[in-house]
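Several structures are given next for inspection.
Paired with chain B in one complex and with chain C in the other, chain A is shared by the two complexes that follow.
And then the complex of A and B:
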């Protein structure tokens, strides 16, 4: 009982722990890289709301990240170069995509859901690379410059780090509130058995649409942050072939848990940043690890740690 | 315009040949088999390697390419897909087959290199059709696709194996309760589907170039074909493949880079009018 209480106590200060972890990571990896890690973590959190909690595997989530990134960059170029306005525009871009595509996408489940997202991602990629090349400068990518406001210049990487860290903490809080709420519970019942939730009188279609839109909006926000961070947007931000990265991150961390998403985001970024220095066949490595995850290690790192912890608890109470 | 239509029918024929396997795995197991794209790509690559060794005899090389890739398909089915049967693991099956595709693409890049390889038209003759010169090879592809359609119809209507599979598509549990090992028949169908995918890769290779990511693009279009045609419906797949092939060709004529994107737009429209699945 006492150890459970201790776990609860840790959970109460989890925001501080997350902040401390990334602050410690920054001097180890360099500030800029840690910013990168945190942005990816926000993306994984957005993705995991759909995959881990609602049980819908999307294979085209790069679309929403990319839309956010391009919305932010285009907004800075044509409307207003206030960086916070760009963040808002990116989030709005992601949310709009969710509102518009949601009614089509959430009609489906399983394999259809995964591939429809992938198909839309392909359409988005085409729009960026070919159809709107005049504005996005196609394959070459576009630069995004933001004006400093009141002495705040987000070109300063320490400041950017701070903004990203605060954003991450807000997203973690939001996701925790969401997944602990009745809404989160309903999402999990949809994952377990949607028919029964309908039978209980819930309009699951609406809730799925809402969850999808939240996920795309947060993904768009992550995209806008990364266009602030790089001051440059390339089609690789919306490349459907990269969609598997976030699936991988969610799996390796442990799907269906906010902390799992954070662990997965950091683990994936660490692997993808440092491993190519040692391993030449990166895609093959990714594939093999994915197979291992699917067959032997479905709970992910966080799930494994939790299980160890509960096993210890069980032994103690006995 | 006749040239465009003929091109669309050629693409449609190839899409149909590749989509059969996809449609069957989708219908029987509810699994999207990304590894299908690997079989398709590998078929084209084996063809490229074999062709000079058999004195540039295209049909011989094509048969060898298909035969070489079938064992690989068996390994994938036996050790990856069959391990993931069951209703709870649809997502895992998608991820696992995608992982196989990643590994396979990297292996292909390792062996053959990443540069695109182009092949020349194996027949090289053109015939006049309604006043337009059309490459004979493309007409042959359309013919092969139609022949395969009738073979498939015969297989599923006249042979016992085919009938068992059709019944299994309808209700797997009921067929199993008759004492028939459905899974074994599904394996046979899976292998047929994979062989056809390899054939699709072989036939398509002379029309475009052979490159490691060729499967990734095609599998998406084929998925659209399967969805538009109706899951597990072979006639629907046939009609949808040719319809979407024409969509690609006609769009491509007016706006080249939009050709494949248009397919997904059509798919989205079809999905809007489909009932919601739970």
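And then the complex of A and C:
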């Protein structure tokens, strides 16, 4: 009953394929738009570690993206305008949020998990827009200017594209290593049956906390990249209403797969960026897509392709 | 004694599920707990394993009072629990199921696989298949094999033959026979022929209490006496 998936044979060169895909996309969409796509894919990868692998649905993941974005911008404004330092600050901001909120959040499951993240996101949004408006410029947003490093200015869109592409490849490698490791295996058992994992000798609380923190750190990193890309940060970066976008992307691509997250990220960005040009109420189209996913393509685009390939290989072997 | 339970009370809210239970298991002993549905047998096992906290009484495992010790710590200390429902991690492969059991014990994968294959040689050809595709009997044998990884000190097994076909019951019986004398076990079971043939001692439970204990081999082998004991 050994199942072989031809896609698995491409794993040795998949990083090159991912790079090639985005390099080919750049002249089609534009370099800056492709950079947006890649940053969103990093965010989806972060989210999918929690949702796809650990089975925890969050409705407030924009909090961590936004924290990263604002941390990077504030770092540049008040501490150090080195863009890599800002990236570090953004990642650290996301990670700290995971370390501090994680002990509370990961005790919950199901709807409680989803809503407690939403609640924290709401709090974060309020802090940005009102409580700390003196720092963040509230609803107006704040500019984020970063110094050139050794003649390299990340304001140059080609350079920013290169940095983002390398960042995406690093995150893909990291997530693949994580999810293929015993740690990733344990996350999947927590998703399926946490109690049985406990009886095998695992302190699942600690592992959930760790996974949560990695997810928020990578989301913060995506936020910091957004800050560098736009040189501007607004409350929309931390808007709870936008948290559903990453959920859609994970579902469209196929939750629980690194490649699904990439496919979903690109698909969602394509729908949200280009469909409005043709369809006035494009959100309704998104709703129809979601219904199709729920009823016919639960495993998302990538999962569906894998299933087709497995079925074809199964037929050939008979 | 590898396990001593003294005056244990366990409650679900206001409902007392186990009341004043005392029992012991010596090293290498195979002790059975029999009783009708709802007698409190599974609740007793879960409390010993650390999943439930007792309202009163003590559990002493391997010389240490373990009240309040969580289930994962009990597992690390060498207590393994095989659940009644025969659920494996169905979305993972058989190999991954074994890997997960091996990792906390530090046992290498090859040795862990050998342990499981030693219980059920036929499982080797399913190593890379999803565990969810295994039959109920295969899953039970996988779970028993998995529980043996890392040389545990005590096995708690909840109704190992429940829902299995006659042939598979014989396989499980053979496995348990092979472990007899080498490993301490507490087994909840309602299949009295299996109990009679394997038990060193039998406790009977009803309504959360221990009714009595059968210790004489002649009494244990006498199925009529075991039925009457219930």
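What we mean here is this: the second predicted complex is superposed on the first by the 309 of 318 C-alpha atoms of A that agree within 3 Å, B and C clash if a C-alpha of one lies under 4 Å from a C-alpha of the other, contacts with A are read in each partner's own complex, and residues count from 1 in each chain.
One rule holds for everything that comes next: contacts are C-beta pairs under 8 Å (C-beta built on N, C-alpha and C of every residue); 3 or more make two chains touch, one makes a residue touch a chain.
What you see is a predicted model, and the numbers here were worked out from it, not measured in a lab.
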item: A:131 touches, of chain B and chain C: first, second, both or neither?; value: first
item: First (chain B), second (chain C), both or neither touched by A:182; value: second
item: Chain B versus chain C as contact partner of A:283, first or second or both or neither; value: first
item: Chain B versus chain C as contact partner of A:194, first or second or both or neither; value: first
item: Touch count on chain A, higher of chain B and chain C; value: B
item: First, second, both or neither for A:203, with chain B first and chain C second; value: second
item: First, second, both or neither for A:295, with chain B first and chain C second; value: first
item: Overlapping contact positions on chain A, where the chain C interface meets the chain B interface; value: 195, 198
item: Chain A contact footprint on chain C (complex, rising order); value: 49, 51, 70-72, 75-76, 80-81, 83, 87, 89-92, 96, 99-101, 103-105, 125-126, 128-129, 133
item: Footprint of chain B on chain A - complex, ascending; value: 51, 55, 57, 59, 103-104, 107-112, 114-116, 118-120, 122-123, 126-127, 129-131, 194-195, 198, 205, 241, 244, 247, 251, 281-284, 286-288, 290-291, 293-295, 298
item: In the complex with chain A, residue positions of chain B that touch it; value: 26, 30-32, 80, 83-84, 90-92, 94-96, 98-103, 105-107, 110, 213, 216, 220, 223-224, 227, 257-258, 260-261, 264-265, 267-268, 271-272, 274, 276-278
item: Contact footprint of chain C on chain A as seen in their complex; value: 1-3, 182, 185-186, 188-189, 192-193, 195-204
